[in-house]
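Some structures are shown below for you to check.
Each of the next two complexes has chain A plus one other chain: chain B in the first, chain C in the second.
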Partner chain A sequence: MSDAVVAAQRISRVFPMPAGPVVAVCDVTLTVAAGEHIAIRGPSGCGKSTLLHMLGCVDAPSSGTLVFDRRDVSTLDDRARSLLRLRHIGFVFQRFFLLPMLTAAENVELPQAEAGAPKRERRARSLELLAYVGLGARADHRPAQLSGGEMQRVAIARALANRPRLLLADEPTGELDQTTGEQVAALLDRVNADGTALVIVTHDPVLASRARRVLTMRDGRIDHEAAR
Partner chain B sequence: MNVLAFAWRSLIRQPARSILGILGVAAVGALLFDMLLLSEGLVLSMRDLLDRLGYDVRVMSTDSIPRPGPDLADAAPTAAQIAKLPSVRTVVTVRTEAAHLVREGVSVRAALVGISGRPRPWTVLRGRDIAGAGDVVINDSAARALQASPGTTITLSAFCSRDDAAPPPRRLRVAGVAEFPFDTPDNAGAGLDAADLAEACAQSAEAADYLLVTSAGDPERAAADIAALRPDLLVLSNEQALGQLQQRGFTYFRQISTVLTAVTVSFALLLITVLLTVSVNQRLGEVAALRALGFSQRRVVLDVLCESALIIGIGGVLSLPLGALLAAWLDAILKQMPGLPAALHFFVFRPDALVVHAGLLAATAILAAAYPMRIVARLPIASTLRNEVIS
Partner chain C sequence: MKPFLFVLALLLSLTASFLGAQAPEPPSILVTRQLAEREGLAVGDLVRLAADARGERARTFRIAGTYEPTPNPLRLGLVPREVRLHLPDLLALTRDPDTPAGTERVSSVNVALVDPAEARRFAQDVNARTPGVFARRAAGAAGMGSIFVVLERFHYAIAAVTIAAATVFLLALTIMLVDERRETVGVLRLIGLPARRILVQVLLEGLFIAAAGALFGLALAAAAEGLINRFFQWRYDTALVFVRVTPRVAALSVAIAVPLGAVATVAASWALLRRRALRLARR
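For the complex of A and B:
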């Protein structure tokens, strides 16, 4: 597929353990096209997060081929993979992982600073993104002064800071109540509608139902795929 | 936000722990600074005292220093011979004895130095210098004890150390009050003409304890010329004398300071390693998240190194005034040892101590950060993120 952001071809991930190797992901083939919205569901331990980490180039497949933006990830060293993540991939975590000593705006600025964006430019971009996620008035607040939903929205703004082609979210509503979770889900929909490919790992059937493709995993494999 | 600013924010995030670390480094750094001052302090102080005497070569009959040994029986003719060398400017004979100085029924035991010429190994504070026979300069302790001042007459009863027979007392006029570089605190001292002292001791004016020489500009050359002229005598420039002192008496201080320096540096190393390791372990999830967001391995390692540098840098700066105060206090304690010249110091500042201090602390900052840097460098991003969610 010419417009594929990331393409996994028969990738597996095996963890060596004292009691014997554990196969977390087995023989998965998956292509995420530009602007796509995919949800990955499945029971705990089925390999959803491991697959997400491989798609996000933070973990390497034990076998198979992963191509991100026409580049074989296995040929990239750690520095190149970091750069690839920095410029092309955004991550949203269940636990937000905002830095508590920085304000919301500074948290959003951080990836831009790492990417070498000029100070004035990254400040403007941070404020723009915080306004986009509905937190324009909370730019100077620290994470401890924000609610869980607000923190996740800041985390989404941070993930979008360097205009990624792919946004990966691992249980983005896992720590939130239903109402706040829906707000975050709506925000993610908007991010996707604005052109960013989105892959969400979730237990939440409501959140998963918003995706155009829903993959269900079991025992490390994609057991079922449904399109909307 | 640059790496240093980011590290600073990380530090102030846990102010109590950071302050403890900084204070720990300040205390350790102060000790380290003091050990560096102590390692060369005595030598530098002794060099200063020797330089203040105004001579740069000494000629003795024995290598027993700092106290001279047996008399130079032919001191006067030897001095005359040496004075003719082109590398020598002046030569004086020096005789040291003990005596009672008496005035109006008050008697003090005093160390006497008799000298045959100029420059004098003392500095006149009040009054004038001795002008010849019958004049004496006394130090402040003697002046206080005898309530003497320039113009006063005192009686000198020498009990010369090598002669049990007490010579008749001599009346001397106090020409001035002087400071003697090797004065010990509260001990009386006096300086007079060598011939006067020889007469007071009923000894030959030809003899002396040792000779002091002022070179024409090159002490080492003057010492070599004198040694060639009189190979039977021990000739030492100030630097050579200091070298001998370093090898003998002062080597203990250097050894003690080396051991304590190693101990203090090790302590700082462990302190910062533990603090940073605990700090890093508490935020592995954040580090893994930053790595997932694209922060390079180099960047997260640099963050830890900068935190270490900040703790040690701030602590190191604070350690300097703390160390200076501690050195002054310890110096005052050590100087209470009996028989030490008042002007001698154990802790002496020298600029290169600052450089060594900074260098050792910088090396400590790097070494202390090595283990926590290794933790973040090898952090498995995916499994750390997974573990953080599970925990």
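For the complex of A and C:
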């Protein structure tokens, strides 16, 4: 597919363990097109998070081919893969992973600073993103001064800082109550509607139902795929 | 008779030559500060000194002044309650009644040179010119030099053990500190910071912290130097300097501490960075 952001071709991930190798993902083929919205569901331990981490170049497949933006990820070294993550992929995690010593704006500025954006530009971009996620007034607050939903929105703003082509979310509403979770889900929908491809791993059927494609995994494989 | 009394008296012998044997005034002496304090003596006081404990053939002297004796590490703990006499007075005081004046004998004489570096050549010269006289450098006399060589080696051994123990402590502390930041490191890795970039950052931080720690250590040592010296000088009533942080010692400490701190930080961080980013971020 010419407009594919990331394409996985028969990728597997095997973790060597003292008791024997554990196959977390087995022979998965998946393409994420630009602007697409995909949800990955499945029981705990089925390999959905591992698949997400491989799509985001955090983890490398044990076998198979992963192509991101027409580049074979397996040929890239740590620095190149890190830069790929920094410039083209955004991550949102269940536990937010904000740096507690930085303010909301500084957390959003961090990826831009590492990407080499000038200070004034990244400050303006951070304030713009915080306004986008509805936290314009909390720019100078530290994570400890924010609620769970606010922290997750800051995490989304941070993930969007370098205008990624792909946003990966691992249980983004897992630590939020239903109302806050819906607000975060609506925000993710808006991010996707604005052109960023979105892959969400979730247990939540309501959140999954918002995606145009829903993949169900079982025992490391894609067991079922449904399109809306 | 103690050699140092001869030495001190010899230094004052020129002055003594100006004093007549029939001077109406009693001969003058100097007393150590410690003796003056202990006996309540003051300049101008008359005292009687004898060469033996029974006080036989005691003579009267006038105290001309007090002095701080040159500290001697080999006599640590012995409070120097001493007097300095002009050589003729000393000889007159200690001479056996049956020995005619001018026939006294001494076994050793210390000679102070203007340039101490000339000591070896001077000793060789005296030995060559004066048969029956054995001259040697004071630094090697009475085994003092060897004692200090042993002490110095002992200090080096203590320093080596201290550095080894401090290194282990520093590594353990650094590992703990780095481990405290594992989540931060994990997040930075997930965002897309290369391991090398984080390592450089950690190295810079390690250098800064190690330099700050070394400077703090030097400040502490400088403060401790004064306290330790004052305490032991009070304890042993001496002007001896027990601890001295010289520029060389300070430079050596910084030269060891800064690279050691930086290496410890990088080693601990490297071990952390080799783990998967997600494992770091998830505690």
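Keep in mind that, in the parts below, the second predicted complex is superposed on the first by the 228 of 228 C-alpha atoms of A that agree within 3 Å, B and C clash if a C-alpha of one lies under 4 Å from a C-alpha of the other, contacts with A are read in each partner's own complex, and residues count from 1 in each chain.
FYI, a residue touches a chain if its C-beta (ideal position, glycine included) is under 8 Å from a C-beta of that chain, and two chains touch if they have at least 3 such contacts.
None of the values given here were measured: they were computed from a predicted structure.
In this overlay on chain A, chain B clashes with chain C.
Looking at the shared chain after the overlay, A:Glu106 reaches chain B, while chain C stays out of its contact range. Set against each other, chain B and chain C touch different numbers of residues in chain A, with B touching more. Contacts of A:Phe97 after superposition on the shared chain: both chain B and chain C are touched.
When the two structures are aligned on the shared chain, A:Glu171 is found in touch with chain B, with no touch to chain C. Shared contact residues of chain A, touching chain B in one structure and chain C in the other: 53, 58-59, 78-79, 82-87, 89, 91, 93, 95, 97, 99, 110-111, 114, 158. Per the touch definition, chain A reaches chain B in the complex via residues 49-50, 53, 56, 58-59, 78-79, 82-87, 89-91, 93-95, 97, 99-102, 106, 109-111, 113-115, 158-159, 162, 170-171, 174. Interface residues of chain C, counted against chain A in their complex, comprise 183-184, 186-197, 276-278, 281-282.
Listing the residues of chain A that touch chain C in their complex gives 53, 58-59, 78-79, 82-87, 89, 91, 93, 95, 97-99, 110-111, 114, 158.
Residue ranges on chain B touching chain A, taken from their complex, read 1-2, 9-10, 12-13, 285-286, 289-299, 381-382, 385-386, 388-389.
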